[in-house]
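Some structures to go through are shown next.
First chain A sits with chain B, and in the next complex the same chain sits with chain C.
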Partner chain A sequence: MLRVTRRFVHALVLLLGVSAISFALLSAAPGNVFDELRLNPQISPEAVAALKAQFGVDLPWPTRYAHWLASVLRGEFGYSVSYRCRVGTLLWPRARNTLLLTALATILAWMIAVPWGIVEALHRGRWLDRLGGGITAILLAIPELVLVLLLLWLAARTRWFPTGGMFSLGSAELTISRKAWDLAQHLILPVLALALGTAPFLIRYVRSAISAVLDAPFLQSARGFGIGTARIVYRHALPAAANSLISLLGFSIGALLSTSLLIEVVLSWPGLGPLMLEAMLARDTCVVMAVVMLSAVFLVLGNLIADLLLYWSDPRIRAV
Partner chain B sequence: MPNRLRTVILISFLALLHLALLFAGFFAPYDFAQQHRDLPFAPPTRLHLVDAAGTWHAWPFVHSLRANVDGSDGYTEDVAQAYPLRLFVRGNAFQIVGPWTAHVHLFGVASPGQIFLFGTDDFGRDELSRMLFGGRISLFAGILGATAALSVGAFLGVLSGFYSGWTDAVIMRTSELFLALPWLYLLFAVRAILPLRVKTTDAFLLFIVVVGLVAWARPARLVRGIVLSARERHFALAARAMGASNFHVLRYHILPEIYVLLLTTAALLIPQFVLAEVTLSFLGLGVGEPIPTWGNLLIPMQKYSVLRSYWWLCLPAFALVLLFLAYHWASTTLQAALGEVRS
Partner chain C sequence: MENRPPANGQAQPPVLLSVQGLSLEYARRHAFRAKRTETHALRDVSFDLREGETLALVGPSGSGKSSLAKCLVLLETPSTGRILYRGTDILQLPPEARREVRGEMHLIFQDASTALNPRWTVTEIVREPLTIHSKGLSSAESTRLVIEALEQVELGANWHARRPRELSGGQRQRVALARALMLRPKLLILDEALASLDLSAQGQLGNLLLELQQRYAMSYLYVTHDMRMASVLAHHFAVLDGGRIVPRTLPTELIAGTLQPVS
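Coming up: the complex of A and B.
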């Protein structure tokens, strides 16, 4: 229990450090929303000064950081100057959309990667493994940006699925089931791009984890006893490889909020990616800060979950 | 030995790619900004060996393009005029390095004729030339970015591994902070600090600084691990026992161990940083028009009309994939060779 608590405290301290660094960096940035206002001849300098005082832009950064932390504890994440609302209300629907996309893609990627990795490991050095290795090598070399643009090209050529957005125009009047179908169609392209982007990396990892276990003496002897391949894989190899797979799962969870940024921007999926980009262009510091922090929280959380799962599943780790 | 042959092919391919991009001005028939306003969205020029009369020629030639007579989109070839392909032609001046300029291009055609092997974009600029010049910026942003990240990383890693204690603690805790942020977001956050609209040369330099700032953590941790183990090796201890100075032990017993690591890490980092530059420029945060990079060359691919009708504007994406394949191949080859040496 002490270990778990210590791990929690460590994660919290890490997040505090990250937030302080990002906050200091972003406060050092030249220019803010009010500089754009000052260029507008219809707004008097006094009005801009009043706004600046209202938002506390000129306070020293430790004070502002303290204000910001307090607002995070209230779940508000500060105030977005360009959207004129609390960042929290802006953030949650966007985070939900991103999570919907990335969770589906991660599940799909794991469903492809685990069987494929196992098959490759079982056929090590033979043509099936080489073919699979070649395909993953090519997929690894195609960056996500190019992958999504190629899928976009395919979609535009064939018109099989919609090329962007989350719902069709006028979908608000549709019934629930129709709406779900519409959403599913819009999900195909981004989910496919994201899953194809992450799967090759997972496949390589699964393959090396399983093949390391398959070489172990206890599995050699199990094979010597005439135990069938299926039982060897499911009863013996997978549990033995569980530790590295759990770490990988932690990584997958950690990446949930941050992997889809580019895909969201290109396919205009209303997630965190486009929000962050717009906020950056508008110099809306609090929004940028909130998105960066939320993704950092997920990254740390993913590691934490993996650690706890390892602690739960492996008695050897508990004994230390 | 097939293994050796493969390595030779890989190295010559990489060398060719880098030379073609480094001397983009020589390999490109036009300047990247030269516009042919009467020929927007011209398809790739065809090289012919058979003329209109049906006779064969030993040397390829091209026809010039005319806009369709019936007013529809697209072009038809004007078969009356043939312009043979010529090698080492004089064309516009281009910069080689610094103040040295040259006029000779690898290929081209005589003056009224035009040759666009990869077609043209919406301003009638030659896509092949833009790809070569753009690749030069993207690739060298990647290489210089990797150099920056590796130098900062190696310096801090050696510092932290060699002088353990509080130096080590501070550097490693800071690197944890940098690793706790998803790196694309971190890149954006650091980019957000810098002025939004910048000159292209400044954007290029900024990119390298930003990458060095952001990406030092992982190489630093790798280097630290190597230094920690090298420091305790018997030869290092023996040198120390014989009264060698810190500098001597570092220079002759520890640093040689990290060079190979730096090389393999570079093969992994360069494509990653090329991608970072491509991403920033694609989103309009990096190098902007009219200077091409592989990032802003991909922007037209978001347009429906380009995806439907002008397929040749998708070619930069394939160049990117080719570069990535080569680098990934190089890094696996390097790692395999390293494994053989170690075992």
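Coming up: the complex of A and C.
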């Protein structure tokens, strides 16, 4: 339990550090939302000045940071000037959509990577391994953006699945089950793009982790008295490789998240990605901060989950 | 070379294992050279091992003893030669039949500490062979067999829940031996299996091996540096040098068996 608490405190300190650094960097960036307002002839300079005073933009950044922190604790994450509402209300539905995407993509990517990596490891040096290695090499070489565009092109040509958004037009009137079906169809493209972008890394990693265990003398000896391949993989190799794979899981969640932001923009998925892009263009500092912080929270949570899994899976760590 | 009297009095027991013309090369590819270097670990090795008998295989370090042991349990694939087990060449067997044969022969590795899964407890390790070769055993029954095997190697209940790294080298060796005994193998290959034990433990296990051989007519291939132990256990000797079986006379006191039996 002590270990869990310690990890939690670590995570909090990390998040505080990330927030302070991003806040300082964003404050140091030239220009803010009011510069844009000032260019608007319909708004008087007095009104701009009043707004500036209201939002306290001219205060030194540590003071503003303190204000912002207090606002975070209230769950508000500051005020969005361009959306004219609390950032919190803006954030949650978007965060949910992004999480849905990354969670499904994580599951799919791992469901592809683990069996594939194992098969490659078992066939090391033979044609199946070479074929698999070739395919992953190609996938690794294709940038995510190109992958999305390829899938987009495929979707547009075949009309098998929708090319963007989260729901079809007029889906609000549909029954729950119809709506779920509609959502599922819209999920195919982004989830596939994300999973295919990440899986090759995972496959490589699983392959080498499993290969390393398969070479261990204790597995040689097990094979020597006739333990079958299935048992070797499930009872020996996977548990032994689990440590490094679980650590990778935490990492992969973070990687998927940052790729997700990009893919959301391309496929107009109403997640954090488009929100962040718009906010950056509008210099809506509080929204940018909130998205950055939320991404950091997801990342830290991913690693925390991985750590807890590790603790649960490895008797040797528990014993310490 | 004869040492102990034949197992069944005068009648020759049938041949269990017959190795004929076995050769093994380890190939190493170099990163920047097309040429491959080959280590000839075994060259044209032949010998017979009869049921219920022990063949001691001695030879200097690097002479190919462990390589031979690994070939016999199909962990290395020899380039030429045949391994006849009860008359069938196991190198030619289809995978299913191979597994069956593997259940009847068991290799105890030279380095027992690396031959045990570090994450498992002693009981789990010793139980594993049962899970594949004798399905349909109730869990109570298999637990009884495990405990029995551990008792045979003098590992009491307080060792059962330990993991390999919490055991001494000799204890690990005994766990490996207990695991080997689980399947009542017809052929037990011991690659320096007693080397890391002290004299009294060696003696105990040596006696255990003799007793088991008598009771179950097991055959042993006993790989060793230790001539003394070999002279107590073995009916025959073979000397391996540079991957070849060499005809060589052993020191007379060994052949005569005049050394003190280990108690």
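We take it that the second predicted complex is superposed on the first by the 309 of 320 C-alpha atoms of A that agree within 3 Å, B and C clash if a C-alpha of one lies under 4 Å from a C-alpha of the other, contacts with A are read in each partner's own complex, and residues count from 1 in each chain.
Note that a residue touches a chain if its C-beta (ideal position, glycine included) is under 8 Å from a C-beta of that chain, and two chains touch if they have at least 3 such contacts.
Just so you know, these numbers come straight off a predicted model, no measurement behind them.
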**Report entry** Fit or clash between chain C and chain B when superposed on chain A
**Finding:** fit
Query raised in the report: How many degrees apart are chain B and chain C as seen from chain A, counting from C-alpha centres and rounding to the nearest 10?
Result: 90
Query raised in the report: Just chain B (first), just chain C (second), both, or neither: which does A:L104 touch?
Result: neither
Query raised in the report: Looking at the overlay, what does A:H236 touch: chain B (first), chain C (second), both, or neither?
Result: second
Report summary line: Of the two partners chain B and chain C, more of chain A gets touched by chain B
Query raised in the report: Of the partners chain B and chain C, which touch A:V266 in the superposed model: first, second, both, neither?
Result: first
Query raised in the report: Touching A:L299 in the superposition: chain B (first), chain C (second), both, neither?
Result: first
Query raised in the report: Touching A:I227 in the superposition: chain B (first), chain C (second), both, neither?
Result: second
Requested in this report: Report, in whole Å, the shortest distance between any C-alpha atom of chain B and any C-alpha atom of chain C after the two complexes are superposed.
Outcome: 6
Requested in this report: List the residues of chain A that touch chain B in one complex and chain C in the other.
Outcome: none
Query raised in the report: Taking the complex as given, what residues does chain C use to touch chain A?
Result: 70, 73-75, 98-100, 102-103, 106-107, 109, 111, 114-119, 128-129, 131-133, 163, 176, 180, 183
Requested in this report: Within their complex, state which residues of chain A touch chain C.
Outcome: 216-218, 220-228, 231, 236, 239-240, 314-316
Query - Footprint of chain A on chain B - complex, ascending - result: 173, 176-177, 180-182, 184-186, 188-196, 275, 278-279, 282-283, 285, 298, 301-302, 304, 307-308, 314, 317, 320-321, 324-325, 328-329, 332
Report summary line: The chain A residues in contact with chain B across the complex are 14-15, 17-18, 21-22, 25-26, 28-31, 137-138, 140-143, 145-146, 149-150, 152-153, 156-157, 163, 255, 257-259, 261-262, 265-266, 276-277, 280-281, 283, 288, 291-292, 295-296, 299-300
